[in-house]
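I have placed the structure first, in the form of structure tokens, so that the comments after it can refer back to it.
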Amino acid sequence: MSVVVQNIPRADKAIVDAFADYGVATVHEAQGRVGLLASYMRPIYRPAHISGSAVTCEVAPGDNWMIHVAVEQCQPGDILVVTPTSPCEDGYFGDLLAASLMSRGVRGLIMNAGVRDAAVLTEMKFPVWSKAIFAQGTVKETIANVNTPIVCAGQLIYPGDVIVADDDGVVCVRRKDAAGVLKKSQEREAKEVKTREILSSGQLGLDYYGFRDRLAAKGLKYVDYEGD
Amino acid sequence: MSVVVQNIPRADKAIVDAFADYGVATVHEAQGRVGLLASYMRPIYRPAHISGSAVTCEVAPGDNWMIHVAVEQCQPGDILVVTPTSPCEDGYFGDLLAASLMSRGVRGLIMNAGVRDAAVLTEMKFPVWSKAIFAQGTVKETIANVNTPIVCAGQLIYPGDVIVADDDGVVCVRRKDAAGVLKKSQEREAKEVKTREILSSGQLGLDYYGFRDRLAAKGLKYVDYEGD
Amino acid sequence: MSVVVQNIPRADKAIVDAFADYGVATVHEAQGRVGLLASYMRPIYRPAHISGSAVTCEVAPGDNWMIHVAVEQCQPGDILVVTPTSPCEDGYFGDLLAASLMSRGVRGLIMNAGVRDAAVLTEMKFPVWSKAIFAQGTVKETIANVNTPIVCAGQLIYPGDVIVADDDGVVCVRRKDAAGVLKKSQEREAKEVKTREILSSGQLGLDYYGFRDRLAAKGLKYVDYEGD
Amino acid sequence: MSVVVQNIPRADKAIVDAFADYGVATVHEAQGRVGLLASYMRPIYRPAHISGSAVTCEVAPGDNWMIHVAVEQCQPGDILVVTPTSPCEDGYFGDLLAASLMSRGVRGLIMNAGVRDAAVLTEMKFPVWSKAIFAQGTVKETIANVNTPIVCAGQLIYPGDVIVADDDGVVCVRRKDAAGVLKKSQEREAKEVKTREILSSGQLGLDYYGFRDRLAAKGLKYVDYEGD
Amino acid sequence: MSVVVQNIPRADKAIVDAFADYGVATVHEAQGRVGLLASYMRPIYRPAHISGSAVTCEVAPGDNWMIHVAVEQCQPGDILVVTPTSPCEDGYFGDLLAASLMSRGVRGLIMNAGVRDAAVLTEMKFPVWSKAIFAQGTVKETIANVNTPIVCAGQLIYPGDVIVADDDGVVCVRRKDAAGVLKKSQEREAKEVKTREILSSGQLGLDYYGFRDRLAAKGLKYVDYEGD
Amino acid sequence: MSVVVQNIPRADKAIVDAFADYGVATVHEAQGRVGLLASYMRPIYRPAHISGSAVTCEVAPGDNWMIHVAVEQCQPGDILVVTPTSPCEDGYFGDLLAASLMSRGVRGLIMNAGVRDAAVLTEMKFPVWSKAIFAQGTVKETIANVNTPIVCAGQLIYPGDVIVADDDGVVCVRRKDAAGVLKKSQEREAKEVKTREILSSGQLGLDYYGFRDRLAAKGLKYVDYEGD
């Protein structure tokens, strides 16, 4: 039996929205280096940077039927996260589905498979992270689940989790951790701005971070070049 | 023995040219989801969108000699389609060959291997779809066939077939099917414009396409979220 | 024991700088088709074109500690070349390290692994060639060597070698060969400009390069298309 | 903070053991086509077929320290399941760790990375499913979690889940579902034995499964070969 | 519309059978280095060596329905050749389908996707060449063509072509070329047996094949090692 | 210009031969975790374990001419190491070349590309490590170097280096380091035999290696399972 779970909880809108000010690398660090999707998930155009609440959707290989079902579960501020039940690079998603999602205020798509109409999606400014761009069509024959927990690109995602995506990839933050991770992201960012200023001025990381003693203790030796 | 087949037939120029108004995904659907090259064939710059008649060319691995032979067989409106006899990512093609092809009115290159001088090709606005961008040079020692049927990136291509290529990939239409597929592409596009309008206005695909009954018949259930 | 080799020799600055006028494909051909890094090394933004002297750096998988050590060994005009001791796609390098390198006049990074903060690096105009863009963080626990010979993306690189990188990839020129290879690159480029003019005018490469006799001797036959 | 979770619950031993009579494909079907690890997880020798309770272990890339920690958490009948926090193919595991595990009655290893000493592991008859066989060594510098839920080769695994592995790959059954899935596996197997007998006797699946009408309804046509 | 083409022609049985005496490399060479399927097509057990007439079958991604249709078209001496309409590694084929095919005298399977029940197929001695071994199940919802020309693993295959498969891969011989290619394979094999004897006796290929002059003409120089 | 370097030095035969008693993982560790070829280099049959002196050979993509040249440079106890100048998986090597090498006492082949006649090579007991098994033929048109330093599968190899290969892959030991690395391999092996005994008896690595304090210092916590 396949199910569509309705009325999923989402994190506070102000928190979800605020994540868009922080890069994926920052958020990933802020929550202890977890939650990252695999490196093959790439934006179809750059730059792109969004945050939103996850609506999750499973699809059969070569079959995009359930995306139509998932659209109805999407609200303004959501990001649709789709994964096939076995690996597939077909073009599950194009400009028509994007038009549907945009009409509902959806902010973007995380597609662990292929998408098509890449040129039109770019013109429409509908951001997509995907495994492939491929014109291959799909059928509508097999059902699967919407808004159940899924593993997408190596990462477990619950419906209602906060998704942040930018040029570095995609990260997932648990709904209940969102406020805390946002706070740590803000702190980290503030610290990094300051650090970047210092490093830009020419101070070495070796000194700024105090690495020299620990490196020496590990046995690092400095020698002069010998040769011609 | 290797051969160069001369005076291949081409589809009617008006038909070939008209295909450039339709995306690869549209043409691929219009002809029944056949004819697509593999997803690894990517444009070296985006956006890019061309149609033309195929001149086909085999090359030995690491040997671009036959491309020089194929150039002579090209006419205005053609697209050169090159495939190695075993997989190779070397840079078979650069700005000099592009200059030759452009002087003959050739519209682009489909290269099932690597190309180089990518920055110059981009400046020249010579569109290329390839497996790789790689500076690796090639030799000129081994002959092969020009304008014989080839399998390129998983797709059978006859000389004179119509090639359409855009940001979604590359599709091949049989010469004799070109008029019919063009007509179906036009019809499909007209229908999609209308559908996109409807979906943009917020009507759900579930309703517009009438999926609800069939989904219920397959056993799809709607349930409410349970949890905290 | 791990070492940091200091005071490595570099090629003459005028020679190193002059290489930036020549593409990777040209330099690679000029030195006899050697020295190219693997095709998976791609620029994070395009176009990009730099030359510089290699500072080499090994890192452990998932550990970027030694990059901080390598920064100190960099001078204006250098390019940092980093390779993990076993394959890894983590995001070893981001905007903070780029700020450090830019403050020292370093021209770019060749990273045989992943980088992150791709959007910021692009804004900063700090050119990077890498295997991946990936937000995955790294630790600082394990030491390795700086400025020893390394194999990076299939290519042996000595500290002080000249690196040239552009949209076609990355090539390495031995320090002592730099003057000679530069001269041959200049000669090749001059010749190619002329050849490109000739080919642009419509003369066939078959005639210009005199290939027809040799092709016939190999057994190439020209036949007319037969079919409907 | 990293944790080692002790005293995890396991499924009933009789149930866990009984799974070894059923193939991965059977169990995967019996529980509704979920729970399968990615296809790149292959046995280092064939045939191999085990079932057991999962002890889960995260490791840093290139760092096998936590495997030593996980060993202590293993009991007779367990299978150790290890995944790196970012992709890595290093040889995390060899004959010494296998000796440790065998002394504790552990039935095998699921390693989402590389292993080494493959010849010795084969002689020892210690079954391993891994992503790679690679002699590359690892360090012992970074801690991570033991017996927390992990995503391994695309599959979410909880400590105490039942793992079944054979020549077709690896499947995970939730601890609480184990009894039910075992029953369905038994039923499925019984049915398949009978079906296989029938198909071996020459009756067509088309008839046995009653596909002909449904295929005709979908529009399948039978035509005679035309040609020479 | 999808079709099943019935009563396809096959090559003479004596010829088809005789090919099993010759390796794939020999046949591939004998017919001028064409007809080879991609290198990722590997036998699920080794050694394995078969020849037979191709029955071709398309399948949708993740859907093995048409294999059941294709079974009925198979005769003793056939080899079933299956390819998905877009890339897929699911386990389309297992012991039940193998039982069906064996009951019809089918000699093996060429599967451009995944298979499962690998241990049982090995016991049954039913040879399979595939892209993957993977327990992932498939559905039965979408129709496609049987016994039409297909591109499988980069190679065009017509129904009735002769397939030869061994530990080196899979090669396809056109039905009408079969007699000629068999004769050339026999000649080549005879010559190779003699050559192998000569080379085993210690005579160098350089002398036996008369390469020395041509190598010198190309500019090959022999120098003595210099160094310590 | 391409060269064949003659009369390369080799390590002492007793030392070269003694390496065959030690696994690749052991030798790799003994020399400080350097010298390993990439993980894609796999034996064509298992088990296999050899040591020998490297004769190095470059080949053009799809061209095996230089292997014939290299054969003449081989002596009893050598291992031929071949790498293409750009990546290629063609079947460069088969039973005839193996016959030649065996007649000269060569112990095996390290082929950074494809080989063919895999079944015959297995019968002949001629061990090969390669990137692929593929029947694809090669030409004899382009020259390259023999017995110059090469980068093969990511590893720099000098002619005369000691090669050790087993089921875990391939490692290279510098000729001048061979005696020292052999000694360390022997010591390491002796130690591992003892350690394996201890671990087999059930003593934990945590205790034997004394890891507990260092793990606690890093912050590792032990907690009890909470849940149902």
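For clarity, chains are labelled A, B, C, D, E and F in written order, and residue numbers in each chain start from 1.
Just so it is clear, contacts are C-beta pairs under 8 Å (C-beta built on N, C-alpha and C of every residue); 3 or more make two chains touch, one makes a residue touch a chain.
Computed from a prediction, not measured in an experiment: that's the story for all the values here.
Chains that count as touching both subunit D and subunit F, per the definition above, are C, E. Mostly differing positions are employed by subunit A and subunit C in their mutual contact, as under half of the interface residue numbers are shared between these two copies. Of the two chain pairs examined here, A-E and A-B, it is A-B that is joined by more C-beta pairs in contact. Averaged C-alpha coordinates give centres for subunit D and subunit E that are 30 Å from one another.
Distance from the subunit B centre to the subunit F centre is 42 Å, each centre being the mean of its Cα atoms. Centre-to-centre separation between subunit B and subunit E, using Cα means, comes to 28 Å. For subunit D, the set of residues touching two or more other chains reads 33, 36, 39, 85-87, 89, 134, 136, 142.
Under the contact rule defined at the top, the touching pairs of chains are A-B, A-C, A-D, A-E, B-C, B-E, B-F, C-D, C-F, D-E, D-F, E-F. In the complex of the two chains, the subunit D residues touching subunit A come out as 33, 36, 38-39, 85-87, 149, 151, 154-156.
Interface of subunit C with subunit B (complex): residues 23-25, 28-29, 33, 36, 39, 42, 46-47, 49, 166-169, 171, 192, 195-196, 199-202, 204-206, 209, 211, 215, 218-225, 227. Interface of subunit E with subunit A (complex): residues 60-63, 85-90, 134, 136, 139, 141-142. On the subunit B side of its complex with subunit C, the touching residues are 1-9, 65, 68-69, 71-72, 89, 91, 94-97, 99-100, 102-104, 114, 116-120, 122, 132-137, 140, 142-143, 147, 159.
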